[in-house]
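Just below sit the structures, each encoded as structure tokens.
Shared chain: chain A. Partners: chain B in the first complex, chain C in the second.
Up next is the complex of A and B:
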């Protein structure tokens, strides 16, 4: 039984791992089906409208004309690429939403929520279910599955704007169904911590050689680490360098790894190693050398042999891994946050506008009990007004004070303390 | 299955097969590799106005037929059912009740149970074949059918005779199940005889993951309000916010002791009583035998005159003669008061007891009892910790505390 076997038993591998092409075709199918549905639903709602208005017998001036024009014009639906941009935007929003809570939600809960969203939108279209309504629910479900439980009321109160607990919980079942009732997400964060600890141990002269390289001593490893190529940005000491690379990698894992298809295409260890390569290539390659031996040469194996005259027995694995990690690094590096890029933001606004016209009218209201509640307008920007955020800040402050008074409250702030390891 | 882009673990391919786990994984891997491509090829035909995931859910639901109700608790109703196209393949269907008092969506017990059973595939962990929802938004778990009842039933039935070879077989299966959980970084946190269910072939299965959770990251707090009292280790009774798989190993030790003497070994009436009974039985924890114990939040200092020295091997041999000296040694290692000195599940499996005489009884020769289906129904429907005054505390504490 090796770790790989355990990973292959996970639902993340069994149900949520794809090749690039299978992922693409799955999304294309989802988009096609949803587009057909949207067109049919919009047609139905128009027919209904015209039926009621003619039944009322008092056609409003001009309404007839408008109706005809719309009927003739085929509704333009989102493309799979546009859907993906929209989902990505709401993934970024999820990260921000988690940040607004006091204390901020743990990275793990936010990352899990983002992966829930991404998984949900493989088989569901934003045209059917607006990501805005699914996003909050995904984060709430993540607080349950990641052991960061808070009450629904408390959670809803933390959301900027008017969001009721019922709004948050309404799509829960739908979301869980879309997740195929698999809640466990295997993140790359723990693997990174382990790798960093190992490097630190090597730097301290406490390194352990890989089982197949027993001749290496802790001193050899330490010397090897000290003689690697300099870091991208100069650092005071090896510990410092490791800490900088650690921080950069963590940031990549919190952002680029979440907002791209990395989790669908690569394993957690491939993801963190790729991010580590982006952060500090010589350091990451050193770690790979320690684990798998021998540097990878670009061409066919040269007489790169060990003292017994044998090639590194793991040469094949190392080369294969090199290819995978290079691909994954490129994917991570391709990511730039939407909100910091005016071109992407402009595109997003266009998509949001387009979505406004192709939102499935029959799926807007997700609340279980109130079928006749007014249809809420899909909101494109999710911008909170100045006064609104002020009001919420006040509300939160009051709540925090109240919590501080009830020192022993089970949800009190002192219980969520985290001591840095 | 052609319709579904996702593999399902429906029992048609698992029942009657002793090494299901391996086969399942092989099938799953195939599906992961080829299954997704199949979807694109066989474009899902929209049925009426159903979304793709709705349709998949209906496909799963229609694969099963409910036969009769076999258990009901506050939390769930349990039915025996079968695969629609194979009436001989029985399953247990646990329908989770929507809790009217609990407004926060799907209850935590259900979330935890589903989360962990989806991941843990092992011959000694109850298999979750499928999950589906019904029109009224109730969740149903399709679980392995385990008609052999549970270990509690066998322990309590004075008509049933069993010996150390049988105990070795049962304990071996329990230890492997717990090992698998820990290997996957999952703490069960409610091991006790009536959560150890028995399959038709005699295999013991760890069930009820309603209190399970993943190992916490270093520094994160966990609730100590877990594990049924008689099986709860001292570190939890003392309120330790950080703990490990050692808590489950203690419970295993208590089950082992109970199998040997056929009554719960340390049965306190209250948490305080449980602490004093443990100390009387195994010795008093001190800073010498358990460094750091006095720093635990609910640690109760013992008067110097009352200190009982830690029990040695001869105590365990005297108290549990049926186990034999090697068995007593394993039991002692599972019952170390200091969790750092307790054996891990892996170390338990490496103990020499498993290889000395007598050999564990073969599954088909293990003592069994009829009426197990009803017992399974009760076990799967029950959630002890949720009843009475503990109800809301268990939920809140667990998730409020980090």
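Up next is the complex of A and C:
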């Protein structure tokens, strides 16, 4: 299928598609690496503190050692699951943040920001970079990539609390690095519009058959659409029903699809179709039948074979798709907003408290770090570099003199050094 | 001695037609006609065939002969003479070249077939059938026979030309060598004379210096000349090794008689350049794009002058949304990604790459 090949060329497919297990192992690796670093950093900072305190106060070696050991035991890092919950919370926060602007930010920009956050925290841990600072930056980058222009000052003013423009853009390069400089996010929203457009056309009797099933006419399709099972909630006409399903699907895509790992595990068209399945199952099944032919039931497989005795490729795709869409809709349905669930909120508070203790102290001030980033020369080399430059200048001068001397000689210098008599 | 032997045997040779012998007529020459290879003397040919074609005068031979076909005999044995004639004729018709065949084996088969035909004709087996075959082949492959003949001629002439050239070059080389030798000899002589005169006129003290100088000059001259010679020789070698190949003309489809000829490959007409390499820009597998879709929301834009003024076309929107609706529908990420990762074990896998990126950029800057 050509469309699939077009999708395979995207960076979302090439770099940001994972299997469930690889995603899990990647997060686990990130977590262990970050935990080790956090522990090391905390130890360093304590040593520094104790060094300054011991220099100032009375040295008590025995008790100091005890205290250090106790501190080390105290450092308890987040688990990958806790990190995930935290990231999800900030994804929800991103949605809310987008809502606070007047006019509210477009769904696309917010969804892109959420995906940036999710992608960033695959290879980075909230213990290293707090999601709060990354979140605003992700949203700001998303306004740029989604072509929704907003000045940095205007953006920073819209954020509740005291946030300066410098705070917003401080982690920008870091974020881009974490995104591997791939800013293209394929959302399922536009695809949903396309699918609804097709359904509306069929409902109006203007539908065209899929290229692989050319025998169907517009009337057949219309009749087929009218004869499908009734929706869960009755509606006046077919286009009303489609519009209702459209709205439901859209809501699902805005929230559930963003807050779960759907983008990493499925393609955009699969995501919107599974959301559509959740919203109005008969309608979605009808659309699939029109596109790929033949109703498929999971319990009674009906293997159609063509004249070569091979399984019809369309049928194969259809049955595989059935499984994938079922999985994906289960994933979407499993989502419940954190803020609506008191148990989850309690858990979240616990995680936030825990994070406060295991935050990497060396990464707190991102502003300073980003300001330092372009400086490549370390400070320690300042003294030596001065003498070095002096030496280089001397060398250059010497060379120039030599050049000037040789310039008078038409045929250049001697190939072998002349030995003076 | 050999000529003597022949003439002695010819002494008692008798014309089978007029029975006159060489003894009586020493100038007698015998002629043959390739029609029947009966030998007769020149005067008989003049006598019998001057007034047009006539039957062979030898008893039992009823072949009609013409005077212009009579010629002197090349080989003593009349059978050899006949075979050579036949061979020449068949070779002229079946003049396929090796490069016209697919394989060496096919060419060998052809050579064998040709020998068989010649043998048949010589030993008079299936003569009429073989002749018919040959005639048919000749009429069918007139063009290729003609082409091969001209090729052969060209080859022969070019070969001759090359031989001539080589001979000429050898002659020039010889001449140059002789000249060179002459010049050198003269120079040596002149040098010696000069040396002697200087010795005679100079004082005894610088005799040794003069002698050394004279020797050096001579050496320098000869070395300069030698390098010059080398240069000329190289040039000639380059000239000689210039390729004088004649490109063969491929010809001939498979004919009835000759098997295994190489097919003439007419180059395929060049197809129009396809920048997309077979990809049809508007072709889609999941949907066919329509001119318009019913949508209240979009209808407002279709005729909105402020939208259209900028050159916006609603069809762009249609094609994009529909493409995104189905792009990747049958990309099954869980299968394909695991396959892809398995295929790229040596190269950094996507997940591993991400881990490395995490180690270097995210977590690594600690």
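Definition applied: the second predicted complex is superposed on the first by the 336 of 421 C-alpha atoms of A that agree within 3 Å, B and C clash if a C-alpha of one lies under 4 Å from a C-alpha of the other, contacts with A are read in each partner's own complex, and residues count from 1 in each chain.
As a working rule, contacts are C-beta pairs under 8 Å (C-beta built on N, C-alpha and C of every residue); 3 or more make two chains touch, one makes a residue touch a chain.
Only a predicted model underlies this, so the values are computations on that prediction, with no experimental measurement involved.
Asks: A:20 in the overlay: touching chain B, chain C, both, or neither? Say first, second, both or neither.
Replies: A:20: touches chain C, not chain B.
Asks: After superposition on the shared chain, which partner residues are touched by A:255: those of chain B (first), chain C (second), both, or neither?
Replies: Neither chain B nor chain C is touched by A:255.
Asks: Which partner chains sit in contact with A:37 here, chain B, chain C, both or neither? Use first/second/both/neither.
Replies: both
Asks: After lining up the shared chain so the two structures overlap, which partner does A:268 touch, if you call chain B first and chain C second: first, second, both or neither?
Replies: Only chain C; A:268 stays clear of chain B.
Asks: So in the superposed three-chain picture, is A:8 touching just chain B, just chain C, both, or none of them (first/second/both/neither)?
Replies: both
Asks: Output check: A:182 vs chain B and chain C. Expected answer is one of first, second, both, neither. What do you get?
Replies: Once the two structures are laid over each other on A, A:182 reaches chain B alone.
Asks: Give one of first, second, both or neither to describe whether A:320 is in contact with chain B, with chain C, with both, or with none.
Replies: Second partner only.
Asks: Per the contact definition in the header, classify A:211: touching chain B only (first), chain C only (second), both, or neither.
Replies: Only chain C; A:211 stays clear of chain B.
Asks: Contacts for A:147 in the overlay, against chain B (first) and chain C (second): which applies, first, second, both or neither?
Replies: In the superposed model, A:147 contacts chain B only, not chain C.
Asks: Identify the overlap between the chain B-contacting and the chain C-contacting residues of chain A.
Replies: 1, 6, 8, 13-15, 17-19, 22-23, 25-26, 29-30, 33, 37, 123-124, 128, 174, 177-178, 180, 190, 362
Asks: How about chain C: which of its residues touch chain A in the complex?
Replies: Listed in rising order, the residues are 279, 283-288, 290, 293-295, 318, 320-334, 336-338, 341, 350-351, 353-355, 357-359, 361-363, 365-366.
Asks: In the complex, go through chain A and note every residue touching chain C.
Replies: Chain A reaches chain C through residues 1-4, 6-8, 13-15, 17-20, 22-23, 25-26, 29-30, 33-34, 37, 40-41, 122-125, 128-129, 174, 177-178, 180, 186, 190-195, 197-198, 200-201, 204, 206, 208-212, 265-270, 272-273, 291, 317, 320-321, 324, 360, 362-363, 369.
Asks: Which residues, counting only chain A, touch chain B once they are in their complex?
Replies: Contacts found on chain A: 1, 5-6, 8-11, 13-15, 17-19, 21-23, 25-26, 28-30, 32-33, 36-37, 106, 108, 123-124, 128, 140-141, 143-145, 147-152, 165, 169, 172-174, 176-178, 180-184, 190, 362, 368, 410-411, 415-421.
Asks: In the complex, go through chain B and note every residue touching chain A.
Replies: The touching residues are 5-7, 25, 28-29, 31-32, 36-37, 39-40, 43-44, 46, 49, 51-54, 56-57, 103-106, 108, 111, 114-116, 118-119, 121, 131, 133, 137, 139, 183-184, 213-214, 216-222, 395-402.
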